[in-house]
Amino acid sequence: TRQTEDVKGDRELHVKTTLRELIIYIVFLVILCIVTFGMTSTTMYYYTKVMSDLFLETTHSGGGTFKTITSVEDYWKFAKGPLIKGLYWETWYNNVTVPEDQLGYIYYENKLLGVPRLRTLQVHSNSCVVHDDFKDVIRECFESYSESLENKDSFGEKDNHTAWHYQSQDELDGSSHWGQITTYSGAGYVQDLTNNKTESEDIIEYLFEKRWIRRGTRVLFIDFTVYNANINLFCVLIRYVTVYDYFIMACEFILCLFIFYYMVEEAIEIKKHKCSYFKSVWNILDILVIIIMIMCVSFNVYRTLKVDELLQDLLNKPDQYANFEFLSYGQEQFDNAIAIAVFLAWIKIFKYISFNKTMTQLSSTLGKCAKDLAGFAVMFFIIFLAFTQLGYLLFGTQVKDFSNFQNSFFTLFRIILGDFDFDQLEAAHRILGPIFFMLFVFFVFFVLINMFLAIINDTYSEVKGDMANQKNEFEMTDYFKRGYEK
Amino acid sequence: TRQTEDVKGDRELHVKTTLRELIIYIVFLVILCIVTFGMTSTTMYYYTKVMSDLFLETTHSGGGTFKTITSVEDYWKFAKGPLIKGLYWETWYNNVTVPEDQLGYIYYENKLLGVPRLRTLQVHSNSCVVHDDFKDVIRECFESYSESLENKDSFGEKDNHTAWHYQSQDELDGSSHWGQITTYSGAGYVQDLTNNKTESEDIIEYLFEKRWIRRGTRVLFIDFTVYNANINLFCVLIRYVTVYDYFIMACEFILCLFIFYYMVEEAIEIKKHKCSYFKSVWNILDILVIIIMIMCVSFNVYRTLKVDELLQDLLNKPDQYANFEFLSYGQEQFDNAIAIAVFLAWIKIFKYISFNKTMTQLSSTLGKCAKDLAGFAVMFFIIFLAFTQLGYLLFGTQVKDFSNFQNSFFTLFRIILGDFDFDQLEAAHRILGPIFFMLFVFFVFFVLINMFLAIINDTYSEVKGDMANQKNEFEMTDYFKRGYEK
Amino acid sequence: TRQTEDVKGDRELHVKTTLRELIIYIVFLVILCIVTFGMTSTTMYYYTKVMSDLFLETTHSGGGTFKTITSVEDYWKFAKGPLIKGLYWETWYNNVTVPEDQLGYIYYENKLLGVPRLRTLQVHSNSCVVHDDFKDVIRECFESYSESLENKDSFGEKDNHTAWHYQSQDELDGSSHWGQITTYSGAGYVQDLTNNKTESEDIIEYLFEKRWIRRGTRVLFIDFTVYNANINLFCVLIRYVTVYDYFIMACEFILCLFIFYYMVEEAIEIKKHKCSYFKSVWNILDILVIIIMIMCVSFNVYRTLKVDELLQDLLNKPDQYANFEFLSYGQEQFDNAIAIAVFLAWIKIFKYISFNKTMTQLSSTLGKCAKDLAGFAVMFFIIFLAFTQLGYLLFGTQVKDFSNFQNSFFTLFRIILGDFDFDQLEAAHRILGPIFFMLFVFFVFFVLINMFLAIINDTYSEVKGDMANQKNEFEMTDYFKRGYEK
Amino acid sequence: TRQTEDVKGDRELHVKTTLRELIIYIVFLVILCIVTFGMTSTTMYYYTKVMSDLFLETTHSGGGTFKTITSVEDYWKFAKGPLIKGLYWETWYNNVTVPEDQLGYIYYENKLLGVPRLRTLQVHSNSCVVHDDFKDVIRECFESYSESLENKDSFGEKDNHTAWHYQSQDELDGSSHWGQITTYSGAGYVQDLTNNKTESEDIIEYLFEKRWIRRGTRVLFIDFTVYNANINLFCVLIRYVTVYDYFIMACEFILCLFIFYYMVEEAIEIKKHKCSYFKSVWNILDILVIIIMIMCVSFNVYRTLKVDELLQDLLNKPDQYANFEFLSYGQEQFDNAIAIAVFLAWIKIFKYISFNKTMTQLSSTLGKCAKDLAGFAVMFFIIFLAFTQLGYLLFGTQVKDFSNFQNSFFTLFRIILGDFDFDQLEAAHRILGPIFFMLFVFFVFFVLINMFLAIINDTYSEVKGDMANQKNEFEMTDYFKRGYEK
């Protein structure tokens, strides 16, 4: 879409061309939005909410919920109570038994695919080094989890429960998971539950009695897959059904055409301008959007083809653990990519509106102060990072908000916006806490943020002064006026 | 009130006229405020609070309240406990039975009119489409509620309880209700309770045992009407009683005269200026206020006439459900309309004070930067909407604050004001959450908001400069000074 | 302290005089602070906290606390549980009985003076008017409390408990109390408890059984007086004991001298300047401080004389209710007056520092923009009040923060500072709530607040420009420099 | 590092030298950061959290936790429940007894060193003066704690439990502790528990029965020491083990060299410039960093030598209380000192980047407005302190946030940032509360903060104007450009 540049001599023609391009672009944007919103539903939040509350917010016999688990004891209370109760719905609310063919649904609606699986990871007992003086009293020491320290020996009872025997990531067809503290591998000690409530309860009781969770245990996963026909996790498969869906399908088709059109156009332009093409921010934006789009379309096609066969396999073996990890991971990336593409497409509108005078004034202000702002940003971030590090080192062991470098960074950022917990800082250190806070607020909030404002303010005055001296160019509004006068 | 424009030659006369108009206008405003405040009472909040707390905050046997209901089980616990307990007050607090003639009062004060009514809406069992692969295992599927998918078949027990039989909106004389997720029709399966506690308990137990709430049930309404003699829902009926009320009545009469006066005046002006009349913002404001006023007066008259007869009907049949839906809906609209009219009347004061010099300076600053601000607002909203959409698509399924487009919009708006929940965003996506937040704050909070300030700041300097060069006009303060000197 | 004005010719002498005055003033201020801080103690907060928590935060048998009482039932639960338990400490924590001579102490430390008293106020049963249509069903109607509607008839049991008989404000020697909803008189139905736990429990059980609290009951007071020797409510009486206290006494004496000195000085000045004296803000400040000081000293003397005799009376009759209402009320006013006097004394420092150049620049900026700011403030408050009224009328019945005009005002003020509850507004009205909020934030937060900034910013530039052109006057810093050079 | 100043004639050489210095400095900074981060671990927060939650957040039989203790009764509930349960882990979660050699570990991981110790401090019974009128009824009076009022007599039972006998600070080898209300000495009545759960329970039951905590008891300490092999409290001892640790060790060595290098350099400069050396902020920064560094290195060496021997002592006597107070105190100071040194080192970067033009513009703005800002700060703080004192005197007895001078100061500071609790203020005094708040916000938030902005804004415009007139100096960017062109 560099055509606009080519027309130079005639200002009016330029406006005309831009206008045409703008209209085409808006059509494209509207269709893109329709397609994107067609894929989401505002009720999805409530479905996810109800499911997560069922497991995370239901109280167990100890009075806490999943979120308040801090000891192994609490965990088992959770597993015996809310977990089992949430997974197996074998009676109606008035205690009448649910008929056989309606079993296996969470909330009587969400089909549990395959069986749930419990998995733990351990570290071996000599994973950390004990100081010589303590060697006599402390004989075992378990380090924080890291893949290299994983315990791979069998342990506990000598029966044929899989729970006592290590299986590698390949055997389990698993993948590593990025947890709150560190990244955990997909291997471990695995125990599948069954489709039956009483049996599953027995398994959990057995694991509890035999102390499956030991000192070296570092993490425990509970995996299960649920299918809800209403929100259609694999929505593409059955999307083309109602009339509204046919409309969406049509839009998708048009969208593909558009992508093809813009792709070709950009290709031509690259050929023409070569390297200088990449100097414009707008061009890079164009290419980015196109690449994301193509990737999404490809994933869509791939998913439609593959999911079907995967599903058949899984439905044939209802007593096994159903591994949808890869699929849901892909879907998530796809959703995010689409979201970002739409965002970028929106931003591109600015390319077209920048030749109205008031707009120009604003965008050229932004452009002009960019260099100053960048220089300022460097200063700002050096001070900000210095404070981040100071906060982390001073309060890291006691205040959650400073417990690692990123948290410390975000916490300070939130202070600027007025969201902070002063009491925590004061509790962490009665003297350094308030001093740190005061210094930070004074330098960053009062001085630096105001500097920001001074830069923009000054540049705006300057640009406005320049504009006033410039003669009026032929503008889009003039174009409309002329059309109106004719 | 365009008279001010006609007087041009003599500046002093102009000031004099304006002053007279201003005084008249202030009298009008004061009377308007007296009437409006006469209709409200600061104790109303406590009455509403006590009532809603009784039903919404009382804990049921499961430990939760109405607001924490997430399952059908919880709902029945609520119905059997707080609902029944809140509706029927048959003993004093020391367990002595309340005498017959004082029954039927909530908190011994609020008369329960008619009987409470339970109503549910269902969707039919094939309201959504199941993917082919799942057709074998999933035989029923219930879509989210929409009026077209409503189940109209009788179900459950074959006895003559109305609860099992569908009644249309017309049969029930109901109206649709705009709920949190979607709009629900006024039809459905209806069960009235009685005026007696034990009977009502039996009905609820019966519905519970027979599983009145099924998988397809999408919404359940509990409707009842309460009359409190203290706050007088239909306050107009008995307002003219005490001396203070006679004063209010007098004010109302004067207000009507005023409305008539302004109506005539505006009519004359419209005739005189024709189309150009509508170019002034003040004139449009005038007309708006007058129209709202006339509507309110009409509604007032209509209500006084109709309510009486409605009430007679309802009091004659104490065992039926009392439908006050229409009345309370109208009253609400009336209250809101009045509130807005008073607000607009206040704003109109600016028309009169704008010729004091300091004031002029400020209002002409606002006027002058309006165009720039508008241009800026367009830019601002494109970026803001792009972020809104991005937030909705990225976090919509997990974060309540982004669960639909409006929420997403409001949430981002609140971030600007410093009211946000960063942890939620970080929990939703550990990488995109913080990046999204940082980008938003940087571009919208730091850059755009400061731009806002730059525009106003620059325009103010300019206007002040212009003013300083201008010679002083004859001002209202001069008028007062002269009067003082005489 | 207008002496500074008289010296004009010699700049240096002027500085010298001011400096001397400043030093005298600082001595005065330091002594004032010492006296004030000598009267307070940082442990007082913990004493008050522990006491109020004992009664307000202890949970009763119903699971709630005093603060969550919403029904009469809850109230009696509170009275039977935390109230009795908090007033009578008859065993140690290990259930051994406390010896006779240590009875009557709350937390074994705070002497309960006299006996606690329960008092209720009722309105009579025809205090409000019922609509004609309802006259048949609703026979009694109780209005919100106002003194004229007070019920003065005896009621309930026909025994000689004072609880059933009305006593006027004079009989009870009480005073009216300004509650959350309205102001209540000091009259009512009164029942004293005793110094013995079991007896008091019986009285409360009796009142409960006989339904002392009826429909017309509008308010219930529990009054008791506690004396803690540590914080010495009547601290003046025993203040002159330790060495530190002698120091404080000395300071107080000096302070009285100062007050006398300034009093004389101001008197002289008033004589000299007559009316023009009152044109200076500093002079008015001076007089204000002196008047408050004199009042405080008088109260101090009066209290020292009277309290003693009052106390003797009360200690002689341990079985009666001890009425300290007047004393604690006076003490509170005294504390507040002192606090304000100290604040004003601090502010007066500005009079002396205003002749350093940088300072002058800042204070003349404030002075110069005062007129513009005042004009702006008028605009600001008209809009602000219009919004306040709109908020009150639209959301008053549902949102606590808007339940009356003041609340509405404060709530909007807090929105500007970023402390608000958007969800509440949205819950109150799904459409008008967000629109109201957006409009308010846009006009008041974005436009008007920035206007504020623009005014100050512009004036500062102007003043700084003027200053730069002015030649340097002889300043205080020069004075110090010269002294240093000698 | 004042070398840069010496080179004046040749601008290019100057840039070159600075660049070389900057690179050396960055190397230094990187190594410093590596060493610092090598000493901390992001999992440390979780270890501390789990431990403190165990004791502070576990609920006792009364339903509260350690944090909600308000009475002696609650305290004993805590001691009998969570304290004992948290200290002695004698069974696994499935109630199987833990083998003998794994006893004495909290969470089976954290070795309890020595035995826990309970310690109380009392004040004697005549520590405060009772008013004459009350002398008959109030015979004992206990003042707030201060060291001089300490009770040193034995009390209670006449057996040989140490609990009843006072031991001085020297006997106990203790140190004073700065608590929430005041500072407490290290002396007191001491009772050690044992390593055995049942025995410890008996001791606590004994103290409870015999009423160890009396009216005069003012504070109770529970001290115990825990060693976790994972986080290695005395990390230096075993740090040099893995390959990564060797890397850290190397860095530490290099760091020492750097410190030595900078030390020598500064010494030379001091010799050369004498007094004028101390006029530059950067030089003072240099010296500060070096001094802190040397102190830290010394402490490190000292710790390595001493800890070893201390530990041996303690491990030999497992039945005694292990006093690590001094060590943990030293470690804490060491950590804080390091953190501050790193922060200062970061800030010093500004010395080098200040000759890029955009940067200069910003830093010279800061420099130029420093004087104005300082003058302003004086004004600001007088007003701020006046408000602080007013807040403290008015609301100190009722609102926690104003309960002493510092709290009042911090609270007002937080109001500026938008973090406040208006309701509390309104509850404390219905009229003065809101007025105080409004006045503060108006003067400090609206006027003074905006003044701040005006100063920075104005100075920036000025500096930018000056810069534009100046001719471009040879800059670092030019240097790079030239290098690139060659």
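As written, the chain order gives the labels A, B, C and D, with residue 1 at the start of each chain.
By definition in this document, a contact is a pair of C-beta atoms (placed from the backbone, for glycine too) under 8 Å apart; a residue touches a chain by one contact, two chains touch by 3 or more.
The shown structure was predicted, so the numbers you read here are calculated from the model rather than taken from an experiment.
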item	value
Any chain that touches chain D and chain B	A, C
Interface numbering overlap (same over half, different under half) for chain A and chain B	different
Centroid distance [mean C-alpha coordinates] between chain C and chain B, Å	35
Whole-Å gap between the CA centroids of chain A and chain C	50
Residues within chain D bordering two or more other chains	418-419, 453, 457, 461
Those chain pairs that satisfy the touch definition	A-B, A-D, B-C, C-D
Chain A-touching residues of chain D, taken from the complex the two chains share	33, 36, 40, 42-46, 48-50, 53-54, 59, 92-94, 96, 101, 107-109, 111, 178, 227, 229-230, 232, 234, 237-238, 241, 308, 311-312, 315, 335-336, 338-340, 342-343, 346-347, 349-350, 353, 356, 358-359, 361-363, 365-366, 406, 410, 413-414, 417-419, 449, 452-453, 456-457, 459-461, 464
Chain D residues touching chain C - in the complex, by the definition given at the top	70-73, 76, 128-134, 136-139, 141-144, 181, 208-209, 211, 213, 215, 371-372, 374-376, 378-379, 382-383, 385-387, 389-390, 392-394, 396-398, 400, 403-404, 415, 418-420, 422, 426, 429-430, 432, 434, 438, 441, 445-447, 450-451, 453-455, 457-458, 461
